[in-house]
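Should a chain be cited, it is by its letter among A, B, C and D, assigned in written order, with residues numbered from 1 in that chain.
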């Protein structure tokens, strides 16, 4: 289990009381801005990043990310461009990058070819929200074969037994959905969430990333000690949309 | 059977090879015009006249008479006004006048009261196209009681036996519809019509009036000898509409 | 004239001489058909393969619960082909036309329902078809005109008189007077000269026959009351006939329009404004003035907006065998709205009159009382009127956008 | 995840982790219901008392004669309550929702038919109801929006993506992901993650069960071919299922739009433009580009205008058990027009695709061959589209006058 990525996570987790993973939609609002945002985020101390290849049917995404997907596609963003951009950032910045997308993108590209490409471009792995492990056997095998990290999910509705099952197939870390619902909506940081996270903790020894609805320092303070990685998705897109890519650095720094 | 009216008809039929009965819609286009038209017609030698009390549902009338009914009603023509006008013309002009209307006008007025009024105003009788004799027993009795002439109909679809039955209830003359259809349409003056009229002749010894579609001298020439009275309905209304009441006299004189 | 068809003092056949032979032929054909058991079988066969008979009797549990009184059942004539009980009548007359070997049918229509039904029947039987429709109605009911034309019928806008239903009836008679040899006039309701009232209610009686059987099968007892809207009276007679000999109260509901006191209604029997008269070939209660001229009527439901009423209903009313009430436009819209929300049913505006009256009474009955409402038709045909009645702003916007699109 | 539901390589349940438990619950409830004989009885009961089942199988004698080939029969799903086969599915899922003790339903809708059906079912069962509908469709299909609202449903216009059916499906899933505790998503066709394809076709299979029985009773033999239009595939599977083990050719008809060569169509199986993909929770043929992004589709029939297709149909197609054809918008309008004139039937534009294909084939079959066309719905809902397709000037005038009236 001691992959270089795990070692990286361990080391970071020793340095910081919580890690940050952020999210961008590739090609949105433009390739230039994307690059600036990645640079700003890395400089601001982000520990991991999700690069979302836009998809026309982003079922699990809320309005902010959904519209970013759409705009990117309208602007003609292709899968190839996304993978090329990914190569550029992995060459330039020294943190782990994950591709996030829906399964059809992988499927049409060819899952094996997709894994090979990820590996060749030095990506760390992938996050595919519409691919439950039962449907993803081939994908999991190929990711494993190419030494990539396929990130799987826990959710508050996942029973303990299923958490164990998912954990058994997981590598790197587990992405814990903070609540029901899609990306971008508010989350209630409550005792329910705390007890859910302790259920997660019991089910796996892997680090836990908590995502959906994290927007500010208070949220992060709440989850410190309960999860290992805080995932910030829609909020940074909102900030870029409203205040420009320059504002992202300040925002990230304000979180910890 | 030798009523004064019958004697009148006989006398006229001896004088002329065909009699003319004309038709006006009371109150249309105005009371003044109506009076002028009656005067002109009588002067031009018309032998009998139908005065139609307008009704909102003139089922058996074609477009010309139908619209005259409607216009008259829109102008507020009432049954009382019609009967008053009738008194005026019977006082002024020395030919027999008939009231023509649909049964509801009589029914609402009260059939007995209606007959009394007709008698009192010196009208000769009535023509009620939607009252077959089977429905008209009371009406026939009351007309008889008041010495009035209830004119009944033959039609080309009336079988011989029924013609006999209708004749047996008739007085004055029989109104023979020249064809299927409503007032105002063209009639085909053909051998069919001739043989129909001889059927009529066989069924009754009463004079025959032929109505529907008579428009010009040629039509009247055709029926001379086959019928006794030519009924001119829609055509005079058309002439008044198009050329004014003045033109009616010339038209009537052109017919014989 | 063979038979005049009187119900008490109502009915008769006040027809021009030229039509007497045609009516005799029709009376003959109808009598023969009635006495020929294969005819009704043929009728049932076509109604069950072409339309959807028997139509269901739907228990309206939510409405029953809501009013907390009688158990409400709804007879679903809306599920007929073309969306109303009108199908029963036209298909029956269609079979008769075939027997008479005529090749053309004509009909009057007000709302357009009977016109669509007749045009449909004509398409099915291969008859030529002409529909007379008041010009005012042509304008109001364009969707139905569109369908009649697509079904191959000629639609003639009647510009005379008040240019509504009664004028279309007159015009249809004028056509018939001219073309009776090959043409049958498919009158749309239980009005007009004999044999129409009898014949139309004969075909419509299938409604009550089914409903009576269905309620007995389901509940083992008769309903306490049966409600039906009354335009010409065909759907009402259709459901009432089977219950005439039963201890069942039969309630007809006329159009109360803007309220009886306003005079803007079409209540010939429920108001004091109706009086006996003779028009359109028969004797009954009409809304007419003292001279016998027919009045303008008003209802939100085009199909109830008629000056006359079935002579059979006039007679049943006079005998005290039926009760006749009225529902106002507003009561009707409210009843429609409630029925939509509670049962997922969309009664036609006409039918919603029956619902409105039933709703006034249901709560006062006992829980073990049963009532049946005749849903004579479906309301989606009425969207233009209903959307206007609800004053729906997005509907208006939609229409305006559509119109704008057509201007470009 | 208990069961994934594969048909050959098609189907599956590609769902976010958060929904896995909900799907497991649904699969459970559905399996239990299927194994409980009282469930199907309850289903039949409600379909025969609330809707009009069994729907007739109408012999189309005029069309048969016109083409001079096979005897044509038409399965009349248009006579269902709410006017289409959609009723079968929603009522079935409604019963299931009751069993699961949920209190709210959501649905996507394109043409609005499934939305109206779901809102109707919700009113009947007393569920709260939210309908997702692409904004483009909301604008095009305002009459249905109006009815859904009147039925008590909330209609949410979906502005994202292409703002049509597939986007409404995504949005419904997003709602479900958030509210699965009290909410059931009533998917409208035999698509989506397991168990929807199986479940929807299970409820729709009542069509074929009846049709098979009816044709055997009437004609004593099986049809040669059965035609059904294919949007998501629910009406097609509904009628096909009963004939799968029979020597009967099953023909699905997709939207050919402006013609396959133009690319403006929705033929996922009949054209070469479809390719296998995974979206909206299942694997099937989609109209997508090489990157896997879904394409815009086109059809005159809103209900066929969808990028995916039932995985069960994809599998039957691959096995060679069904044939899939396409009909262009123009062929569909022509078929509709002919059916109106010859039989007095108004198929929905969707259903008219099945008619169009059947008409291409009927004349080439023998007189003793039988064919069945599934008339999945009625076309009067489509008047705005059909009037436009016929380019009817009086319709335009009517709409313009209406619009003018609203401006005053």
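Just so we're on the same page, contacts are C-beta pairs under 8 Å (C-beta built on N, C-alpha and C of every residue); 3 or more make two chains touch, one makes a residue touch a chain.
This is a predicted model, so every value here is computed, not measured.
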Shared interface partners, meaning chains that touch chain A and chain C: D
Of all other chains, the one whose Cα centre sits farthest from chain C: A
Gap in Å, rounded to a whole number, between the CA centres of chain D and chain B: 65
Distance between the centres, which are taken as Cα means, of chain D and chain C, whole angstrom: 33
CA centroid of chain A to CA centroid of chain D, Å: 37
Averaged-CA centre spacing for the pair chain B and chain A, given as whole angstrom: 98
Residue list for chain A, restricted to those that touch at least two other chains: none
Contacts with two or more other chains, residues of chain C listed in rising order: none
Arrangement of touching chains [line / ring / star / complete / other]: line
Complete list of chain pairs which touch one another: A-D, B-C, C-D
Contacting residues of chain D [partner chain A, same complex]: 1, 4, 12-22, 160-161, 166, 170, 173-174, 177-181, 275, 277-281, 286, 288, 290-294
Partner chain D, residues of chain A touching it in the complex: 55-63, 66-67, 70, 73, 78-79, 102-105, 107-109, 129-132, 134-135, 152-159, 162, 166, 177, 180-182, 185
Residues of chain D touching chain C in the complex: 48-52, 55-59, 62, 76, 79, 81, 83, 119-124, 126, 139, 142-143, 145-147, 150-152, 337, 340-346, 380-381, 383-384, 386-387, 390, 392, 394-396, 398-404, 406-407
